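There are structures below to look over.
Two complexes, one shared chain (chain A), two partners (chain B, chain C).
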Partner chain A sequence: MEKYLYIALFAPLVSSLFAALFTAQPKKQFVGIVTSLLIFTSFVSSSILLVYILKGGEPIHVELMTWMATGGLYIPFGFVVDEVSVVMMMVVTLVSTVVHVYSNGYMDHDKSFNRFFAWLSAFVFSMMVLVMSDNFAGLFIGWEGVGLCSWGLIGFWYNRESATWAANEAFIMNRIADLGMLIGLFLIYWNTGTLQYDEAFAKLPYLDTATLTWTGIFLFIGAMGKSAQFPLHTWLADAMEGPTPVSALIHAATMVTAGVYLVIRAHPLFDLIPHVGLFIASLGAFVAIFAASMALVNRDMKRIIAYSTLSQLGYMFAAAGLGAYWVALFHLMAHAFFKALLFLGAGNVMHAMHDELDPFKMGGLKKTMKWTWIMMTIASFALAGVFPLAGFYSKDAILETAFVEHHFIIYTVLLFTAGLTAFYSFRLVALIFHGEERYKLFGIHPHEAYKYMLVAMSPLLVLAIIAGAFQHTFFELVEEALHAVHYHIHSEVVVWIMTIGTQAFVIAMIIYAYKKYARKDIKIPDGTSPVEQSFIYKLLFNQYYIPYFYEEYIVKPYQELSEIFWKKVDLKIVDATVDGIAKVLYSTGAATRGMQNGNLSTMLRWMVVGLVLLLLIAVAIGITVRYSERITLFLSGLGVL
Partner chain B sequence: MFDHILSILIFFPAVAALLGFVVKPAGIRAYGVAVATVEFVLSLVLWLLYDPNVSGMQFLETLPLVPSFGINYIVGIDGISLFIIILAAFFTMLGIATLPQNTKDEKNMIVTLLFLQMTMVGVFAALDAIVFYVFWELSLVPMLYIIGAWGGPLRIYASIKFFLYTFAGSLVMLVGMLFMAYFYYQVTGKWSFALLDWYRLVLPVSYQVWLFLAFFLGFAIKVPMFPFHTWLPYAHGQAPTIGSVILAAILLKMGTYAFIRFSLPLFPDASVLFMKPIAVLAIIMIIYTAMVAYAQKDIKQVVAYSSISHMGVIILGTFALNVEGITGSIFLMIGHGVVSGALFLLVGVIYERRHTKLMSEFGGLADVMPRYALIFGIMLMASVGLPLTINFVGEFLSFLGFYQQSHILTLIAGSAIIVGAIYMLSAFKKAFFGNVTKKENENLPDLTKTELFALVPLSIITIWLGVYPKPVLEPINNSVEAVVELMHEKAITPEAKLKIPDVKAIRIADAAVVKEAE
Partner chain C sequence: MEIGLNHYLVLATILFGIGLYGVMRRKNLLMLFFATEILLNSVNIGFAAISHYYGDLTGQMFAFFVIAIAASEVAVGLGLLIVWYKRHNSIDLDEMSLMRG
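Showing the complex of A and B:
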């Protein structure tokens, strides 16, 4: 079985290196094909491992070699395939395979076709390292690796200012969180003496609560960056500058869920500190509604989906924070399927619309893009949590968890957010596919995507529909690893009321969205309507002015302070002091060099001065010695001695 | 022959340099490359012969110079100095091989570089304070020439500032050394400048404090630590590429190396006493110079200030005073040597082509020079300390080590990974991303074979030692354990005993655990 572990892990690396060989050359179709095949190989190996684990096989643990060893620190390159990592491996390799195949079509005309695949496969490798590592340091390798690949892929079209800006923003913001993560690692090391998961977790119960709390907080700060939780969320929406397959893979299905994975992986820690868990859950619920509200009015197709991702990540954290790790992991998986599908559908639309992103400029596309329409509609139903699609099972489980755990505020917020989710999802679908064909105004002739791209998307479609059916299998799989329990509401009546009520609410919101946005007379907003003038709309449209706030009160002051440090402090104070000392020495020399100009009369004059000075000193010493007693008396009288 | 390998390593370049004066100008480059290559191969032989399991000094050589005052020529290396010597040989070789074709007075330059090599190897191999001091000061002279004769428009100012500033610091250090020898005389009745003799001295804390300060001034200016750093931007700004490469890769490490060789084992109590203030200085270095780097318009100055920022991390690791931190800081010296050396070479590449270093003159270089952009990208990522690059290992261990001493200071210092990313990424974006706007940049040639000859090995080392640091980390670790053990034993104050971990006790405890497990 170890063989499959290595294949699953290293096939993406081989794939990336292979593609990298051709980065300097023009598009080579075989690069796309070979990389897709290699990622598919990784997927097949992961599937074999999944079957093995499902059949009750022992977790596979390998140690490749030592990475760092000094003092008491020992960090190997160790990898583990257990119930949790195998689920992540499946999600990662499945979505990656789909995205690789899809990208063959999507990046068809791009001059950097080969480079794209090199980065994309490198990302898959980093993600595999992240989920398969058996220690925190290995996790951190993957953690930074996906950050790097995300940087390279957001800024893939590096000629665009906005793309490179967004890439740097994502990298730097993630680094802020990574610092938290590093501190978390240090805390674990100095308190348990190791960074290996199993050894460290075994020692956790012996530590005091304060240490555990701080460790939990710092690790969660790390998770907040990758998973774009408030207040480190702004990079995710800007990351939409990258090619759409990237958004589907990295910024929807896999990388952004790394934070959730971390919390799930470190569950023995978070189990011990429920108060931190409650904070995580509350923040998750807040982000869920906060992001959903921004998605309500946004006019950028990809950003709407990005906010939706943010909102769903909030759901996952809400579940994980409440201790329902398996529910979080299940939602993570289901979300990966339908959200990647949604993004890839959006990619098709973008291609058809020549990179237009404003859904108000589309409309009526269902005629020309039937399959994309069907897929996106189903994905949106799944996202909204409509029975019997995948999202229903996973989201319902989260709501039930909150209810059973008596966190009714979180429950209410999440329930309300479910309605918002339904609304903005179908606002998007209605605007793109229904109503008048507004794109005609812009002279665009849309066309459906390549067949094989649609075929590539189909596994996601199938999973978005049926993933809910696996809930029980999934539960049994992770039951032991995550101490999973079913969250049952005792009264059956309450269950029915809740389920039907939620469904009715969601469906009502969907119908409302259709009614409002599938109309024939939708106008492209021009900022004049009373809604657009309202404060709430402006607030939401400008993302609560948070990016503006960051720009004005963090970025600009940092720049100005840097300038001041350089031009005022470093040059004018620190360096000027050094030069000043040198100048004093120099000018003293320059001023006194006249003494030694070799002129006899000058020298005689200075000799006299010297003589007088020496005499004076001699006299002074003489007097002091003679009257030393009196002087002592006098000085002591003054209180000096 | 291998008994005297260290002396050969030190003096072979100097002898070769003298002979170089009679070599014809046309052949001098080949001659220089040959000498430097032989030297590099010798340094590799040294590594081969080095026994990583021995923690103490190896290849010791002793030759009396002034026996009545206990001044001897003593050289020897351990895991701490071994790799810096190899690095010095490596960079001298690369530097000579990649000298621009149009270098004026090529012969003098190569002779100067070979002399510089002697002083560099000498500093890291010397185990006698006076010999150390001689090499330490001699290293200023070739550098003074390199900046003063081959530098930019402000070269005279920059070179004199460099010389006088560092010289002033070293004089104070010399006074400290003389006092140490005098104290040794007081205690034992014999004069000695041998470092290994000094290690056995236990000084009263009040002496330690003053001596620590005297040495500190010499080392801190060399590192350079804030607020003694302002000579460095001028030196880098005016120095030719080769000067900056050697300066950043090797010469700056003299200061941090000397902290570990002198200050820590000689004055353990003072080291503990000054740990917090020095950490604060290190933090200022890290954050303040990173911000100054961000404000720069000249890409070479960005790299220059980034050097100071990274040296801050090295200082922090050194003053963690535990095995993890010190090992990390030494590894980071190697890592920073490789990466900053490579970055200065890279800046030199573009300067050769465009004769400007202003980032506003570039933009879109990734389109024109993709290979250049790739290698710059690798070094950029190493510089910001991405895992699996050489710098991460050192940075991680340095911070990890210091975390044992102070949570909050490490947290603040850790912002190095944020501010470092800010200036590096924004510089990269300005130079490489966007569209080519300047006509002169449209047809820039990509890296030549010679340039690749220097940069590809550096890239390989950057990743190799990031993925598999063990061959270097292990010998360093063993020697550092010995240093920490010595410090713990010598420490007088209870606080120092507490802050400097007892390596021996930990080792015994570990062995017990292993036994139990078996």
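Showing the complex of A and C:
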């Protein structure tokens, strides 16, 4: 079985290195095919491992080699396939395979086709390291690796300034959070003396609560950055500058869920500090409604889906914070499927509309893009949590958890968010696929995506529909690893009322969205209608003015401060010192070069000066040696010695 | 007044000073040789006087060596000097700057 572990882990690396050989060359179709096949190999190996674990096999633990061994510090390159990591491996490799195949079509006309695949496969490798590592140090390598690849892929079209800006924003925001994460790791090492998961977790119960709380908080700060939780959320929406397959893979299905994975992985820690857990859950619920509200009015197709991702990550954190780790992981998995599907569908639409992103300029696309329409509608149904699609089971489990744990505020917020989710999802679907064909005004002739792209998307479609059916299997799989418990509401009536009530609410919102946005007379908003003039609309449309706030009160003061440091401190002190040293040497040279004028007479004079100096030194030393005792006496009298 | 060691050493120092001054100030190469000779011989006086004072012949032996080396040095030096004079018609130190830095 170890063989499959190594294949699953290293096939993406080989794939990336292979594609990297051709980065400087024009498009080569075989690069896309070979990388897709290698990622598929990784997927097959992960599936074999999943079957093995499902059949009750022991978790596989391997140590590839020693990485660091100094004194008490021992960190190996160790990898583990247990119930948790195998689920993540499946999600990562499955979505990656789909996205790789899809990208063959999506990046068809791009000059940097080969480079794209090199980065994409490198991302998959980093993600595999992240989820498979058996210690925090390895997790951190993967963590930074996905950050780097995310940077390279957001800024893939590096000649666009907005793309490079977004890439840097994502990278820098993640660095801020990574500092928190590093401190968390240091605290773990400091207090337990190891970074191996099992050893460290075994020692946690013996530590005092304050230490554990700080560790938990700092680890969660790391998770907040990677999973774009408030207040570090702005990068995710801007990251939509990257190619759409990247958004599907990195900013919906895998990388952004790494924070959730971290909380799930460190569940023995968070189990011990329920107050931090409650904070995580509250923040998650807040982010869920906060992001959903921004998605309500946004006019950028990809940003709407990005905010939806943010909102769903909030759901996951809400579940994880309440101790329902298996529910969080289940929602993570289900979400990966339907959200990646939604993004890839959006990619098809973008291709058809020549990179137009405003859904108000589309409309009526269902005639020309039937399959994309079906896929996106089903994905939206799954996202909204309509029975019997994947999202229904996972979201319902989260709501039940909140209810059973008696956190009714969180429950209400999440329930309300479910309605908002349904509304904005179908606002998007209605605007894109229904109503008048507004794109004709812009002279666009849409066309359906390549067949094989649609075929590549179909596994996600199937899983978005049926993933909920595996809930029980999934529960049994992770039951032991995550101390999972079923959250049952005892009264049968309450369950039915809740389920049907939620469904009715969600469906009502869907119908409302259709009614409002699938009409024939939708106008392209021009900022004059009373709704657009209202304060709330402006607040939501400008993302609560948070990017503005960051720009005005953090970026600009920082820039001014940097300017001061540059002009005052760096130029006037640091540079001046360095220049001063050089100038002293230079002017000494200029002043003394007269000695070396080649004139014998001058040289002889200098020789005499040297002689006299040496003599004086010799005499001085002689006198000092002769009178050393008296000098010592004198100096001790002065109190120097 | 008996002439003792100090007198010899003072003489040697005075001669050394004269030689040093000559080395520093003279621009004529021939005069420079003379100044060098004065330097060497002032040291010889010092050697001989101290050798006699201690009754140890080593110092006088050393003086002989110095004389021999000075003689050979002058022989070589004068040879070079004559060649130089034939070529340049001058033995002024300030003009010997072909290898200036």
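We adopt the following convention: the second predicted complex is superposed on the first by the 568 of 641 C-alpha atoms of A that agree within 3 Å, B and C clash if a C-alpha of one lies under 4 Å from a C-alpha of the other, contacts with A are read in each partner's own complex, and residues count from 1 in each chain.
Throughout what follows, contacts are C-beta pairs under 8 Å (C-beta built on N, C-alpha and C of every residue); 3 or more make two chains touch, one makes a residue touch a chain.
Because the structure is a prediction, the values reported are computed rather than measured.
Asker: Please work out whether A:608 is in contact with chain B alone, chain C alone, both, or neither, and reply first, second, both or neither.
Answerer: After superposing on A, A:608 lies in contact with chain C but is clear of chain B.
Asker: Using the touch definition from the top, say if A:598 reaches chain B (first), chain C (second), both or neither.
Answerer: second
Asker: Between chain B (first) and chain C (second), which does A:259 come into contact with in this model arrangement: first, second, both, or neither?
Answerer: A:259 sits against neither chain B nor chain C.
Asker: Once the two complexes are aligned on chain A, which partner has more residues of chain A within touching range, chain B or chain C?
Answerer: On the superposition, B touches more of the residues of chain A.
Asker: For A:225, using the defined touch cut-off, is the partner it touches chain B, chain C, both, or neither? Pick first, second, both or neither.
Answerer: neither
Asker: Sort out for me which residues of chain A touch chain C in the complex.
Answerer: 596-601, 604-605, 608
Asker: Provide the residue numbers of chain C that touch chain A in the complex, in ascending order.
Answerer: Residue list for chain C touching chain A: 20, 23-24, 26-27, 93-94, 96-97, 99-101.
Asker: Hey, which residues of chain B end up touching chain A in the complex?
Answerer: Residue positions touching the partner: 161, 164-165, 226-227, 229-231, 288, 291-292, 294-296, 322-324, 327-328, 364, 366-367, 370-371, 374, 381, 384, 386-388, 393, 396-397, 399-401, 403-404, 407, 410-411, 414-415, 417-418, 421-422, 425-426, 429, 432-435, 467-470, 473-474, 476-477, 480-481, 503, 506, 510.
Asker: Can you check the complex and tell me which residues of chain A touch chain B?
Answerer: Residues of chain A touching chain B: 23-24, 65-73, 137, 140-141, 144-145, 148, 151, 155, 158-159, 161, 164-165, 168, 171-172, 175-176, 178-179, 182-183, 185-187, 189-190, 558-559, 561-563, 565-567, 569-570, 574-575, 577-578, 582.
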